[in-house]
C-alpha cells in the first residue's frame, strides 16, 4: 500500500522558502504572483490490510516523525488499495 | 488562481532524504516499510484566465526554475478555477 | 484579540494572564492615574517582564565589575565592546533561547543564533565567530537525542548560511535538564572603535525607520513566555514559536553595515524578544525622546493585524532605526538593493511618550519613563543553599588507566566532533584554532592579532556551592584563554537559573553572582554584557518542581597580540618534557571521577585560589607569548590524566608518566584542583622553564616525557587508539541509536 | 590576470576567495553584484564563490542561476572565458547548465565541515597544472548539498573524456557523491566546479596550503 503525505507550513507561520520562490518567480518576469508556500511531499510504501489502516499508520508516522506539528500541517492520501 | 506543483526525485536518482526517512520509520518500529520518496510541494497563487492557462504558466515555471529536470519530475494540479 | 477588544480597558485578570501580579497592576494604575487599554497593558506586560526588566536580578547584577581601561561599552547596550588596539574593537554578547528550543529545537536554536547576531551587528560590527553553550538531559532520556539533533542542526543552519564560523562551545548532560534544556549562543563581532552604533533615539522630528522582514503574528508574548516556568502544558504554547530566515538576516547584515559606512543613522536597535515594543521604548528611553508610531505603515505579513499584535510580535530579522532627517532616500536605496522591506513608520517627538496611531486613532499613549525606568525591581528574599557534607572516603579503582578509558568516553568528556563538524568553523578563513582545543582562535582579518574565545561553567560545582561555582566558571574561562596564549580581556555571561521566587534558587543566583564578581575583579576580567534566564524549572507529574542546575555560563574573550605565538593542546614532538603547572592536592569532591565511576555526586567543589589562577595564568601566557611554549592545556573536568590523554589523542603521540611519590594515585590523577596547566617543552629548555616558574612563585614539576603510541604509567599502559576510539564513538553512537 | 568575483545575495565566501586571489595573484579581483548586467570586459577569470545564495532555498544555486549577471556569465563561458565555481558556485554552474549533473543533499543529510583528502585526476588543465596526477591534497569542505549525481551515461562520459578534475580519496567521501567526484570540468576544460574550498587552504595557519596551486595554475595560464 502506498501513501502520499503532504506537509505544509501552518498558515501564519513564516515560510522563508515560499517567500524566496515567490520573489524569484517575479524576478523571472511572471506577473501577478501572490502567496507562495513550499512544503514537503513524502511517499511511503507500507504494509496495511486496507486503506483505512494505511491512513491510520501514516497518521502515526506524521505525528511521530514526518511533520513538525508546531509549525506544520499534514494531509494523507492513500494512493492505491 | 492557485496551482500546486509536486516535485519528486526521478526514479533511479538517489534520494538520501527518502532513504533516511525510511530508515527512521523502521527504527521507530514501523514494520514492512518499503520504498520511501521525499519531494517538494509548491503552491503558487497566480493570475490566469482559466485552468488551462494556469497550468501552462505553471509548466513554464517548472521548466525554468521550480524543477531540475536532471533529477526531478513534476506534476501540476490546478486547485480552483 | 479583535481591534475593539484591544481598545477595552485592561483588568487585573488580564494583567495576570499576561504575567503581571496584583501589585504590579496596582502600580500601573497609580503611575498612569488611569486604566490602560489592552494594547497598553500588553506593552506593560512585555516591558515589565523578567526578560526585559531584569526585575529579580538587577540588584545583584549591579555588583558586577564592568569597567577596565579597555572597555569601550559595558552592559546596557545591545552588546559589550572592548578595545583591542589599532582602532579595532570586539563586540560580543551571549544570549539564551532555552524555552523556544525545548518546544521546537531546530527553529528555537536557529532563531537564538539569529537574535544574538543582530545584537552584535546592530552596533556596527561584522560577526566573526559564534559559540554555543548547551545543556541537555540525560543521554538516555527519550527526548534528548531529538533535542540535541534539532538544536545542533538549527545552530548550524543559521550560522552556516550567515557565513560566520561557529568555533566553539560546550555541552553537558544532566538529568536536571531533562525537561528544560539550555541553549546559549554567543556572537563575537569586529568593528572599528570609532564606528560603534548605539540605540538612543535622540532629537525630535527624526524619522523612525523599520527595515528587514515583515511583521507577522509570530511569537506574540514570547518575552512573557521566556519568563514563565514550564509545565506539562508547555506544548500548548507551541504556536508562539518563530521560524528563522537566515537568508534575510544575511541581507540585513550587509545592508546595515553598508548604511553604517555613512553617517545617516542616529540610533539603531534590533527587534528581539518583545519586538517593536521594546525596541521603540528602549530607544526612546535611552535618548530621552518620545516616539510616535504609525502602525498602518508597519510592513505586515498578514491582513488585519491589530496594533497590539504588531507591537508584541516577535517576527525575526527586523531592525528599528532613527535616521537624520532627509537621509531616508539614501537609506532606502541601500535596503531596496538588498531586497529588504523599508518603511518610515514614525517620528521622534519631544513628549517623552510612546504614541501609537492606527486607523486614524491613538491606540496607545504612555510615558516612556513609566515603561522603562519605573519597571519593578525586586530584592527577592534568598537563603544560602545547604552546603554539601565533606567528602567521605573515596575508594581506589582497580586500574587507573581503566578509569581513564571510561572517563574519556563519558558523556561530559567524549569528543564533540559530531557536533562541530556540522558547523562551518572555517568560513571567513581566519579560524586558526578550530573546536577541540581550550579556546578557539580567530584572526583579526589582515592583522597579526587574533582573538581567543571560550565558553565555560561547571554546573555541578555551582549546584554544590554556587559561590565557588561562580568563581570557578570565571577562572576556567581565564585559564582556557591563557592556555592558548591570549590575554583574557572581558566576559559576557548568560545566567541560567530556576525560579527566583524560591528563596533557595534566589540564593543560588545571589551567591553565584557574588562569586563571578569576585573572580572578575581579581583577574581584571570585567563583564561587559550578558543575559539572565530565570524560571528554568519543570513541573513534574508528581507535582514537584525540578529546577535546573544553576548554570552561569561564561563567554570569555582574550587577545593574542601576535597569533604566530600561540599554543594548542596537541603533543607536537616525541621526547618533550611534560610539565605540570599549579598545585595538586587531589580534590575529588564533585569530580567526574566520583560521578562517572562511583555514581556519586557529593562533596564540596574544588577551591578557587584567584591569586594562583592569576599567577599561573600569566606565567603560562608569558611563556607562549615569548615563543617558549607551543603546547599547553588546562586541567579541568576529569583532572590531570584526562588532560594528558586529550593532549595525546590530539597529537597522536603518547607519554610516559611518573606516579606521585606520596598521596593516593587516583586523587592525584583524577582530582580536579584548579589553576593547573600541562605544558610541553623540549628537554633542552625544561630546566630553564622550571627555574622561571620557581622565580615567579609558580608551582611546577616535571611529570613525564612525550613519545610512542601509548600512555605509560608505571608498569601499565594503554594505547592512544584504545582511548581515542571510544572517545570519538560515544556521541555518534548515541545519535545513531 | 584580472579576476571577477560574482556576489549573489547571501554569497559568503566572496571575501575569502578575494583574499586568496589578491594574495596569490597580487591583484585584487573586481567584486561584481549579481544584479549587474555584465561582467567587466577585462575579466579573464570569473569566480562564482561559495555561500548560501538565496538561502539555498528550493535547490542550492537554483535561484542564483537565474540572476541577471548569469546571462553574461553564460555568454562569456561560450566565448571561452575561464570560470571557477566553488561550492555554491559549483551548484550554480550545474543549475545554469554550464556543467552536467546536479548536487543534492549529503547522504548523511547533515552539513559537513572538515578537511578532506582529494586525489588530483587531471593536471593538464589551466586550473590544475601545478598539481601532479595522482597527487593527494588536503582541502576543507563545508556544505550540506555536495552529493554529486548524474545519470550513468553522463558519469561515463566525464570519466572517458578526463573531465573529473578531483576525486575524494577512497574512504574520504564526505557526502556520498557518485564515483567520489569532488570537481568536474566542461568539455573545453575552461570551467571547473568543485565542492572543496581551495581558498581556505592557502595558508598554513589554517591547516593547509594545498589550495594555493590551483590559483597559481590559473595565474600561470592566464598571464
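Observations on the structure shown:
Note that the chains take the letters A, B, C and D in the order they are written out, and that residue 1 is the start of every chain.
Everything that follows uses one rule, which is that contacts are C-beta pairs under 8 Å (C-beta built on N, C-alpha and C of every residue); 3 or more make two chains touch, one makes a residue touch a chain.
All of these numbers come straight from a predicted model, not from anything done at the bench.
When the interfaces A-C and A-D are ranked by C-beta pairs in contact, the top one is A-C.
Between the Cα centres of chain A and chain C there is a gap of 36 Å.
Chain D has its Cα centroid 34 Å from the Cα centroid of chain A. Look at where the CA atoms of chain A average out and do the same for chain B: the two points lie 10 Å apart. Centre to centre, using the average C-alpha position, chain B and chain C are separated by 41 Å.
The residues of chain C that reach two or more other chains are 245, 247-248, 339, listed in rising order. Residue positions of chain A touching 2 or more other chains: 16, 20-21, 24, 28, 38.
Each of the following residues of chain D touches two or more other chains: 54-55, 57-58, 63, 66. Contact annotation for chain pairs lists A-B, A-C, A-D, B-D, C-D, with touch applied as defined.
Contact residues of chain B toward chain A in the complex are 6-8, 18, 21-22, 24-25, 28, 30-47, 57, 60-61, 64-66.
On chain D, the positions that touch chain B within their shared complex are 58-59, 62-63, 66, 94-95, 100-102, 104-109, 147, 149-151, 176, 178. If you check the complex, the residues on chain C that touch chain A are 103-104, 106-107, 213, 216-218, 238-239, 241-245, 247-248, 301-302, 315-316, 339. Listed in rising order, the residues of chain C touching chain D in the complex are 153, 156-157, 160-163, 245-248, 250-251, 337-339, 420-432, 443, 445, 563-564. If you check the complex, the residues on chain D that touch chain C are 9-10, 12-13, 15-16, 19-20, 35, 50-52, 54-57, 110-114, 140, 142, 144, 197, 199-200, 202-203, 205-206.
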